[in-house]
Amino acid sequence: MAVQLDKAIVREKIARRAEQEIESGFYVNLGIGMPTMVANYIQEDKEVVLQSENGLLGIGRSPYEDEVDPDLINAGKETVTASVGASYCSSAESFAMIRGQHIDLAILGGMEVNEKGDLANWMIPGKMIKGMGGAMDIVHGARKIVIIMDHVNKHGESKILKQCQLPLTGKGVVDRIITERAVIDVTEEGLELVEVDEGWTVQEIKDSTEADLKVHPNLLEASF
Amino acid sequence: MAVQLDKAIVREKIARRAEQEIESGFYVNLGIGMPTMVANYIQEDKEVVLQSENGLLGIGRSPYEDEVDPDLINAGKETVTASVGASYCSSAESFAMIRGQHIDLAILGGMEVNEKGDLANWMIPGKMIKGMGGAMDIVHGARKIVIIMDHVNKHGESKILKQCQLPLTGKGVVDRIITERAVIDVTEEGLELVEVDEGWTVQEIKDSTEADLKVHPNLLEASF
Amino acid sequence: MMKTIHPSFEQAVNEIKDYSTIMVGGFGLVGIPENLILALVKSKVKHLTVISNNCGVDDWGLGLLLKNKQIDKMIGSYVGENKEFERQVLAGELEVELTPQGTLAERIRAGGAGIPAFYTPAGVGTPLAEGEEVRTFDGQEYLLQKGLQADFSLVRAAKGDRYGNLVYNKTARNFNPMIAAAGKVTIAEVEELVEPGELDPDHIHTPGIYVQGLIEGSQEKRIERLTLRQ
Amino acid sequence: MMKTIHPSFEQAVNEIKDYSTIMVGGFGLVGIPENLILALVKSKVKHLTVISNNCGVDDWGLGLLLKNKQIDKMIGSYVGENKEFERQVLAGELEVELTPQGTLAERIRAGGAGIPAFYTPAGVGTPLAEGEEVRTFDGQEYLLQKGLQADFSLVRAAKGDRYGNLVYNKTARNFNPMIAAAGKVTIAEVEELVEPGELDPDHIHTPGIYVQGLIEGSQEKRIERLTLRQ
């Protein structure tokens, strides 16, 4: 029970920090799972349009019971509403928007990220293949890709690696990684630690990260 | 004056014969100029939908003065109406229809056709280039391509040649040629004379045609 | 022009034979042609190749065809909602070709639009690129992808007129318009069949030229993940 | 989200500088952004590369830019309505790239959709194929064609809302939707500006994501070939 509570707190913490990536005026695609939660924390003074790759530009809040339309879902197959000024389109048009770099930011989950910004988040060999859905298109489409994930896996091993072990979703596609411990940017010279959460030291982050980390000269500590 | 009258009669004759290519249930694209005239002769018992590549599926008759909408034209830039059950689309969708072989028949004008079904109908070197418009797409898109044209040019020279002299619009694209003198099919073994108009003999057609002509075993004479 | 209005769902799918390739519209359970799929299940036609974004759930949509072992091969982007799917793949009973969702949408669009192949960035540097053609344009790598067509396309629309013009409702549009265009024979299940002229020509999503037959059907519209505001 | 509503046509085209590549919607004179073009003429910006299906007529539409010698290069499919065009080409003052209309529409669509290149049958075996890549798929030859993008796209719609969503009227749609998507900055001239929520989300032709600025303008809508029923 305590562990579960911790997990919920960790997820909320990551989602709230990820929300800061969203600027007013952005069109944003949020991945399925934890990224979808980010929508709950978007500050009201920001004008943001959420895109759903199944053909909705302008995701609204969840519906009240009497508002449910079975024909209106998000990419996670959850019932949603449409915001004022929304529009529907085909999947081809929806991915034209994505592939054509019209989406400012995508926030996606991750299993592994490496020093070059390679991302693995769609399959674990030996486990059943569920499919990549839209992730492989989105990582090449949105102008900025932010990965949110736990810093380490359930065995305590780093998910930020020198080399990804899992099959890739995209190569050199990640711009920033946000975990419950740190914010790390992918730069031409490798990974750079830009923020450390309260309760963690730079050394602890380095120790729990397999990949090499440079430290940003203006590193923010206890930042979120 | 007599010459002009003759010209009008010739054009009407070709258009009426071309109309016979249209089967009930067909989606048809008619080229600019003489092909557009074919619409005037479509028999009322045929259900036909005319497509205009500028984004109209279902061209109707010309408008009365009080019906004119400047936003509603055909590919020849003439004001038209839309038929009942028509739809509008973008130029990309319109050419998707064409390129994707959803159009049953296109009737186009021609300058030259050769034995292999090559067509030239868009430019004369030395004269100003106006552009090919949609012709190069249409010749590869519609399931059947019928070319309607005068049998000979103004110098009395055959427009049906062993080799086209003008730059091509498409290679091996023509299925049938209709002139005021004859109907000629493009077959694997070359051109085949299938109909001869009244007032002309097979020999006269052969003499006025540069390309070799086989004669269909069931040739129709005085057919139109 | 007037299209075939099928008198029953059985007759609507009557021409679909063993070893046919079919495309089926929908995203999850939204926008699927429910009754055409049920009729296919009843028809017992088998050895199908099915192209659809998902493969239904265990007891609804394409999952029913799967359970009935009517599918030999599935081309889709996400099949994770279906346990029987997993079982058949592991047992070697079902071939699966997974393709990124945007690539799938574009391949189907290309198939209907006469584009034999195109380049897309999705999949570059991943296992999907192995053995495939990779090409650089303006310093970026892209994968060659080919258009997809089907012998039969099954789609669902909110309204359709007797000329085959279709309009979709909200996110039930999804893959349906491209699938309608990419089928040699396209059959539309419509919630409401109307007369030509009733649909505004500016609002038609699928022009009638792409549709060969229609049938009116009432939809259950099962909800996969009911999510309500607290 | 709220887009820039330009206070004047002059300001709407203010960012367009010499040597810009611009795309302009319309087919013939139908669906052209009349007032944005007039503002460009007034702006005296020059050395433009213009991508548009046609180039207007001598005294209207893009023909005005041409007459003013503001265009260095024109990419289009049919330019036969314009005598000044002919004169400038023969005099070597104007570069022209003619491309089949369907290829042009698809190249622009590809540019907006992140497709760097695709194959199409149009032009195979013609002078257009000289020096170009020809490739065979399933026994048919196709030409490689590349996507097109623009620094600025100028489109015209019947209605637009403040979020940039656009709807077009009848055949005034033509190239406008693809051009709206292919511009780095897209400016829409709308006949009527409405509030977000007034346009039905199922009927929007151009989603607001493609549009950076809007301005309301009244249109002359000149008719090139008035053809009446006798």
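Note that the chains are named A, B, C and D in the order they appear, and that numbering of residues resets to 1 at the start of each chain.
Keep this in mind: contacts are C-beta pairs under 8 Å (C-beta built on N, C-alpha and C of every residue); 3 or more make two chains touch, one makes a residue touch a chain.
Just so it is clear, the model here is predicted, and its values are computed rather than measured.
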{"item": "Third chains touching both subunit C and subunit A", "value": "D"}
{"item": "Most widely separated chain from subunit C, with each centre as the mean of CA atoms", "value": "B"}
{"item": "Whole-Å separation of chain centres (CA-atom averages), subunit A against subunit D", "value": "36"}
{"item": "Subunit C and subunit D, separation of their C-alpha mean positions in angstrom", "value": "33"}
{"item": "Cα-centroid distance, subunit B relative to subunit D, in whole angstrom", "value": "29"}
{"item": "Shared-contact residues (touching 2 or more other chains) in subunit B", "value": "82, 88-89, 95-96, 98-99, 140-141"}
{"item": "Numbers and ranges of subunit C residues touching at least 2 other chains", "value": "106, 109, 113-115, 120-121, 168-170, 173, 201-202"}
{"item": "Chain-level touch network, classified as line, ring, star, complete or other", "value": "other"}
{"item": "Pairs of chains, among all present, that meet the touch criterion", "value": "A-C, A-D, B-C, B-D, C-D"}
{"item": "Of subunit A, residues touching subunit D in the complex", "value": "25, 27, 47-49, 51, 57-58, 82, 84-89, 93, 95-103, 140-141"}
{"item": "Subunit A partner contacts - residues on subunit C that touch it in the complex", "value": "27-31, 53, 76-81, 86, 89-90, 96, 98, 100-106, 108-109, 120-128, 158, 168-178, 205, 221-229"}
{"item": "Touch list for subunit C against partner subunit D, complex", "value": "106, 110, 113-121, 137-138, 140, 142, 146, 167-170, 173, 200-203"}
{"item": "Interfacial residue positions of subunit A with respect to subunit C in the complex", "value": "52-56, 61-65, 68-73, 76-80, 82, 88-92, 94-96, 98-99, 118, 128-138, 140-141, 167-172"}
{"item": "Residue ranges of subunit D touching subunit A (in the complex, touch as defined)", "value": "1-2, 109, 111-115, 161-163, 165, 181, 196-197, 199, 201-202, 204, 207-210"}
